[in-house]
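Next up: some structures, all given as structure tokens.
Two complexes are shown next, each including chain A; its partner changes from chain B in the first to chain C in the second.
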Partner chain A sequence: MSFAARFLALPDLFPARPAGAPCGDETIDLVLPGGPYRIQGLSSRQSSDLSERYGELCRPSVARVEIEVFEAGEGDFVDIDTRGWRYELDLDHAPDRVRIAGLRFMAWIGLEPRLRGALWTSVAGGVRWTELFENYFRILVAYRLLELGGVLLHSAGVADDEGAWVFFGHSGAGKTTIARLSQESGRRVLSDDINALHRDGDTVLVSKMPFAGDLGRAPGGFGAHRLRGLYRLEKGTGNRVSPLPAGRAVASLLSCAPFVNQDPHRLEALADRLEELVSDVSIGTLAFDLSGRFWSALRETA
Partner chain B sequence: MDLQTVLRRAPDSRYRRVQDEGVVIRQSTAEALVVNELGARLLDLIDGQTAIEDLVDRLEKEYEVERSRLEADVLAYLDELERIGLVTAQKD
Partner chain C sequence: MPATNPVVFDALRAFVREGPVELVVRGVCMAPRLRDGDRVVVEPRRRYWPGDVVAFRSLAGPLLVHRLLGPVRRTGSWWVLAQGDARSCPDEPVTWDQVLGKVRDCATGPVTTFRDRVGAGSRYLRHLARSRTGR
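Then we have the complex of A and B:
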């Protein structure tokens, strides 16, 4: 099936450039790693829904990335019965842009000469609006972080007084379990699903993202933390940190870097950034049990 | 596949050395695979022009191993790389 045919009534008419009638004249700024991001062309309801969704992250700023929101007609989209349906966005990658189609929206991320975004939707507000916006926005953030030498990583992020510890791995690797154990030991969970690793000069920082998993949905805590250690999770008995050879580390991290790792035009750049990351930080494999004593093993090696 | 076969890397794969390991990135499937030192060295040498026998000649100078065993190991390893689609036989 050709790109967007599942979602758009006329996929060949996917907008060639960011243009159209804005949904309204409101603007909000989201202050997140890689940003601030300015979302403009919002209706009053769309703006207030995003403000409610992202809370303290919404504040007037000097934007570095702009996203325009345009109105689309209901008839532009295919009616889909979503019962028992697995939702996956449709993406089309090119060297200079990414096109995205989903439920009641189509979107674009321009990568040259500067990163910017555009979103067309028929959804005027409510949960459907904030969900579709987030489905798009986190892809755009992944590209922006990569552009700046960082990465969005499927991981559990945990912060304490010394900085942040990041545990990565696929679904079922134990991210939520290790986050819960860390929370029980008095540490703060950034997210048990997705975290941003980004750079400030030579320092690698970790930030909670608003795309939290089951844990880490508590409000606040969006400041950046210095990365203390990066660990691939491995199920095992006992608590043990093992070396993770650089090649395996790059390959493992690449498989946990969502969105950009599906883009054939960005894989090389992603591998470059991960190779730099692996050479700059403490990285290993962590096997852990449910006693919570893995922290001792980490401290001995970090 | 035999010693006269000429191999080339799969066109959708990108290969890099990361310290002692080789990392192969397959763009069509967005996979990253790690190969060991022998695999990395073989991927270094595969150029779409050199027969496997000549690859073995090069490796024989680098590894202290009996020729017959090296040939068997290299063929077995390349068979595996071909099976997972990282290399393909060069057609004339």
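Then we have the complex of A and C:
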């Protein structure tokens, strides 16, 4: 099936450039790693829904990335029965842009000469609007972080007064378990699903993203933390940290870097960024059991 | 094309083992079958055959997508000899661990036909003959 055919009534008429009638004249700024991001062309309902969803992250700022929101007609989209439907998106990668189609929206991320976004939707507000916006926005953030030498990573992030630890691995690797065990030991969970790794000069920072998993939905805690260690999770019978060769580390991180790792135009660039990251931070494989004693093993190696 | 860092190549190879990976073809070495900007899907194989289109890390560093001609003996082990369809001579052989995987047939058609296999075989034999005569 060709790009967007399952979502758009007329996929060949996908907008060639970011243009159209805005949904309204409201604007909000989201202060997140890689940003601030300015979302403009919002209706007042869309704006208030996003403000409610992102709370303290919405504050007037000097935007570095702009996203325009345009109105689309209901008839532009295929009517999909969402009962039992697993959320999916269609992505089309090109050297200078990414096109995205999903449930009642189509979107575009321009990558050159500077990163910017455009979103067309028929959804006027409510949970459907915030969900579709977030499904688009997290892809845009992944590209923005890559552009800046960082990465959006499927991982559990845990912080304390000394910095943050990031544990990565596929679904079922134990991200939520390790986050819960860390929480029980008095540490703060940034997210048990997705975290941003970004740079401030030579320092690698970890930030909680608003796209948190089951844990990490507590309000606040969006500041950046210095990365103390990056560990690939392995369930085991004891608690130990073992070395992770650079090639294996980059390969494991590649598979945990959503969206951008599917882009054939940027796969090698992503691998290069990850290789730089791996050479700058403490990295290893962590085998852990449910006793919560893995923190001693981490402290010995961090 | 920029050289692929060995660590990055190892990572890509491990990544390909987890599942097929899409790459973009750069240049016209594989014209007319593959053109500049074409996207190909690379997957690991346990065995490769003459005529297969493979992605590998060249001696100079960049990733290449060229057609496999056959094995050649170098420093006591078997290396891989490949050549772009539009090139007049084979690439410098590389070791098998530099092969990322085989290019799947594209939506636009097969990347390897029977004729391509025969062509690869004949190029391979020509290379062997030249190596023996030193020409």
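Please note the rule applied: the second predicted complex is superposed on the first by the 302 of 302 C-alpha atoms of A that agree within 3 Å, B and C clash if a C-alpha of one lies under 4 Å from a C-alpha of the other, contacts with A are read in each partner's own complex, and residues count from 1 in each chain.
In the analysis below, a residue touches a chain if its C-beta (ideal position, glycine included) is under 8 Å from a C-beta of that chain, and two chains touch if they have at least 3 such contacts.
Just so it is clear, the model here is predicted, and its values are computed rather than measured.
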Which of chain B and chain C A:262 touches, first, second, both or neither: both
Most chain A residues touched (candidates chain B, chain C): C
First, second, both or neither for A:248, with chain B first and chain C second: both
Contacts of A:271 with chain B and chain C, given as first, second, both or neither: both
Footprint overlap on chain A, where chain B in one structure and chain C in the other make contact: 245-248, 250-251, 254-255, 261-262, 264, 267-268, 271, 275, 278
For the chain B and chain A complex, residues of the former touching the latter: 12, 14, 16-23, 25, 27-28, 30-34
Residue numbers on chain A that touch chain B, as the complex places them: 245-248, 250-251, 254-255, 261-264, 267-268, 271, 275, 278
Sites on chain A touched by chain C in the complex: 95, 245-252, 254-255, 261-262, 264-265, 267-268, 271-272, 274-275, 278
Complex contacts: residues of chain C adjacent to chain A: 2, 4-15, 18, 21-24, 37, 39, 63
